[in-house]
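Both complexes shown next keep subunit A, but they swap its partner, so subunit B is in the first and subunit C is in the second.
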Partner chain A sequence: MLVWSRSGRLVLWLLFALLFGVLFLAPLAVILLSSLADQWNGVLPNGLTTEHYTDVVKGQAWNAVKASLITGFLASALALVSGTWAALSLRLQGHALRRLLGLLFFIPSAVPSVSVGLGLLVAFSHPPLLLNGTVAIVMIAHFVLISAFTFGNVSAGLARLSPDFEQVASSLGARPAYRLWHVTLPLLAPYLVAAFGLSFALSMGELGATVMVYPPGWVTLPVSIFSLTDRGDIFAGAALTMILVVATLALLLGLERITARATGS
Partner chain B sequence: MSAAAFTGTSVMDIDAAKVRGAGSNVHFDKVSVAYGAHVVLHPLTLDIAPGEILAMIGPSGSGKTTALRAVAGFVRPVSGRIRIGATDVTDLPPYERGLGMVVQNYALFPHMRVEDNVAFGLRAQGADKALIGERIKDALGTVGMLAYARRYPRELSGGQQQRVAIARALAVRPRVLLLDEPLSALDAQIRRNMVEEIARLHRSLPGLTILYVTHDQTEALTLADKIAIMRDGRVCSHGPTTELYRRPPNRFTAEFLGRANLLPVTVAEAVGSKGFATARHGDALLTGAGRNEKAGDKSLLCIRPQHLSLTADSEHTNRIVGTLREVHWQGELTHLVLDVDGTPVRVSATRLPIALPEPGAKVPLFFAPADTSLLPEDAGV
Partner chain C sequence: MPVSEAVALRAPAVRREPGKLWIVPPAALLALLFFYPLALIARQAFLDDSGIANFAEVIRVLHSRFFLNALINTVSISVAATAGCLVVGLVLALILAFVPFPGSGFIARLIDTFIALPTFLVTLAFTFLYGSAGMLNAGLMETFSLPLPPVDFLYSAWGVILAEVTVYTPFILRPLLAAFSLVDHGQIEAASVLGARPFRIVRQIILPAAVPALIAGGSLCLLLTVNEFGIVLFIGAKGVITLPLLIYGKAIQESAYQVACIIAVVNIALSLGLFGLYRFAAGRLGA
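Right, the complex of A and B next:
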């Protein structure tokens, strides 16, 4: 325990509550209230209504939810496979090459997402790589932006995995593919699930690159929210934001339960 | 070479050959391992006979684990060959070598029940269900863990986990069992019990060849038929366990394998036909078992602490006098530390005279010539 005195601990708790409340809870509370606000002229809304939810659900909300979920799921799955593959392969390389290739994987996450979108737009605007105006370019944008996080998570998991497990498996007669499927991947499961969850959450909230490349008919939730608020429809944008938050939270909680069951914790 | 071509590797072949009681020898032929310019194992030539337990012991970094990992296939020798039975396994991947391995931290697969851990090797090799069921019962029965088959490793104690790890290695009926410091993670009491259990296990599987790597001399002395003592990547002595303990060929072996008092002596009379030489330590003329010492040679006379007595009899004919410095009572044993002409000498005794002399008193010590061994003084290795 860093602080022994009761009053010291109380002060720290109050400071934490203040920071957490102002930085995390207040914006979410404002969005929640906005999504339910009839009108908002004072400190608090004048009245509450579910009309904005009804409007967005009747409009394009469902399509946006569907586009975001499919994009997030496919891009995360692809990033998980490639990130795991890269982490497993780089583990076998020398230290220098491992560091260099590892850094390359992280470059897209250091570049503004708008720039990534712009780069893809330019790169895939000419035959034979003409993907402009397709769903594929949205998937690629999300994949490029989130793959560094899956790679990082899985690499961290592999670093914590004792080589004894795989060596004992080999000595018992397990060939590499059998060993990977029955020993390495199950032992990495918590990290794989965490990597997928993080990638999915990032993809669900991705706007910068998507807004550069999205085709008509594949408008994700963040793009819809941006469009609504840009048009001044703040309350509908807030309702759509709450739908995004609930959808993402539901999936993350589900993944957490799967991880807990897999690890027995 | 395929797994099928490696005689005895496949479960079916092993079963047909009734491997139980038919282990293989392991032969190191000038095996050397290096990481870049750093040599961790100098050319090693060594044989482990079928059904033998060879303990490799030595301090950290002595190369013993590297030698085991070379047999397992996890490090590649830069030169030399390794043969298991008639097969040269040097270029075979680990999964084609037909071995069982137990490591220090057990490495039980935490997502599998005990029975699935034990079945792992058999399933990996494509054994049929009936055989797997039979082997699970057999292997778990051998280590007394049949009642725990449905448990997960996290539900077992350290000792139980190590038993399961041994069962898992035995289930594939390995030609050679590799034990890499298997008891190091256990506490002292459980470790003592497990050493006895492994000894019992080997008695029930007399054909099983075991390479046992440890830094614990008690484990090596209890279990091994032969011991190889490693130092700085080299074998500094190798031989039958009792022989190596009773007649250590050099100072390092004498001091690493059990406790040893090493008295500097000068050989007075060369080794005779009965294998004894006389040697002088100060004023005392002592008789000790020698090899080929000649008169005038500087030597060390090795005497184990338990072979020193405070009373003389017809066997204990050698006599030295020391000054008592310390007395340590440890229940079963009492240790006396004396100074004999500047050389510290330790005595371990189960029974001592009721009235022990006070520290500072001159105490005569007696020992039998047959309990001694003359070592070359300059042989550090």
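Right, the complex of A and C next:
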């Protein structure tokens, strides 16, 4: 205990409550409140309603939820396969090459998302690689942005893995493919699930690259939230944001429970 | 995010086997979908349509008022927001780690989930809180019968900075709490029993342990705030244009692709420089 006096501790806790309240609690609470606000002219809403949610669900919003979920799922699945593949095969390389390639796999996380989108537009707007205006270019943008992230998570998992299991398996005569499928991947499973969940969450909230490349008819949740608030329809925007937050948190919690059950902790 | 990779890169090889070509498929995928487009941005920035180097346009853009304003905005907002994140993150982490209260573990996890939420959520919330018709202004106008909303910082660089402090403080908090969990509590108690005041303990025992985490977290914050797009777009203030927003405006709203590519080259170079700083700091942290 750093501070022994009761009054000193109380002052610090009040400071914490103030910072936490203003910076983290107030924004979440106010988004929830405004998504339920009937009309809002004073300090508090004049009344509460679920109208914004029903409006949003009746309108284009369901398409946006669907577009975000499909994009997130496919981009995360591809990033998981390629990130795991890269992390596993990097172990077979020599030291220098492993360092260099490891760095290259991380670079997408450092490049601004708008520039990733711009690059895709410049590269894939002409035949034979004409992807501009298709759904695929949105998936690719999301894949590129989250790929470094899945690669990092899986690499961290591999680094913590005790090499004994794999060595025992191969000394017992297990072939590389058998060892990978029955020893390494099951041991990595918690990291794979965590990587998938967090990259899905990142994809659900992605805005910068998506606004650069999205075709009409494939409007993701963040893009439709932006167009709603840009039109001045901020209550509907808040309702859609709540749907996004709840979907993201439900996904993360669900995956966490699956991992906890699988590892028996 | 990339916090954990420093560990991964130094992991010893399990064994050497023929199988070095397995790296080719994921590397080729990344090369096609990421590095090839990146190279084309550079090509479009420096070459004209006939493939001849043309620096006149580059020089014109780099000297233009809109570019210089965006560059100054980007750097100053990023530095201010990072400073804010460092101060707030340090205060929160000190209290969470050394003056814990019932439920502080849960609160720390709650703050951590902000990493997974979209950044523009905070800006949208700020509209309701601090906007001209928001709760704070409505309250002040009612209480003091003011004719005009008195609080007017949201549609300026300050609005962006406050939103970025909220969004990126968890990225400081996470490595700080990890560093604080390694501090010997016995040492603090001993110093305390010997009569050292809390401020002196923080300065002489806790802060030295926190410096690597502050440098790594701070450089990650610099990188993320330079690249931030959603917050600036949602605030939508005319006077607050940053490099990512300028690229979006030039490419999508004006269809000026070459100008967008020139600005993107500068933005990417700035980001990669900060990424190098972060890697260096994180490498020192892990050592």
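FYI, the second predicted complex is superposed on the first by the 249 of 265 C-alpha atoms of A that agree within 3 Å, B and C clash if a C-alpha of one lies under 4 Å from a C-alpha of the other, contacts with A are read in each partner's own complex, and residues count from 1 in each chain.
In this section, a residue touches a chain if its C-beta (ideal position, glycine included) is under 8 Å from a C-beta of that chain, and two chains touch if they have at least 3 such contacts.
Everything numeric in this text was worked out from a predicted model, so none of it was measured.
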item	value
Fit or clash between subunit C and subunit B when superposed on subunit A	fit
Partner chain(s) touched by A:193 [first = subunit B, second = subunit C, both, neither]	neither
Touched partner set for A:146, first subunit B, second subunit C, both or neither	neither
Per-residue contact with subunit A, leading partner among subunit C and subunit B	C
Touching partner for A:183 - first (subunit B), second (subunit C), both, neither	first
Partner chain in contact with A:239 - subunit B first, subunit C second, else both or neither	neither
First, second, both or neither for A:175, with subunit B first and subunit C second	first
Partner chain(s) touched by A:86 [first = subunit B, second = subunit C, both, neither]	second
Which superposed partner A:164 touches (first subunit B, second subunit C, both, neither)	first
Subunit B versus subunit C - smallest C-alpha distance in the overlay, whole Å	7
Residues of subunit A at both interfaces, subunit B in one complex, subunit C in the other	167
Residue ranges of subunit C in contact with subunit A within the complex	1-2, 4-5, 7-17, 19-20, 22-23, 25-27, 29-30, 33-38, 40-41, 44, 88, 91-92, 94-96, 98-99, 101, 107, 110-111, 113-114, 116-122, 124-129, 133, 135, 138-139, 142, 165-166, 169, 188-189, 192, 198, 201-202, 223, 226-227, 229-230, 233-234, 236, 243-245, 247-248, 251-252, 257, 260-261, 264, 267-268, 271-272, 274-275, 278-279
Residues of subunit B defined as touching subunit A within the complex	3, 9, 11, 72-74, 93-105, 107, 109-111, 120-121, 124-125, 152, 154, 168-169, 172, 178
Contact footprint of subunit B on subunit A as seen in their complex	162, 164-165, 167-175, 178-179, 182-183, 186-187, 189, 262, 264
In the complex with subunit C, residue positions of subunit A that touch it	1-4, 8-9, 12-13, 15-16, 19-20, 23-24, 26-28, 30-31, 33-34, 40-44, 82-83, 85-93, 95, 98-99, 101-116, 118-124, 140, 143-144, 147-149, 151-153, 155-156, 158-160, 163, 166-167, 176, 198, 201-202, 204-208, 211-212, 222, 225-226, 229-230, 234, 237-238, 241, 244-245, 248-249, 252
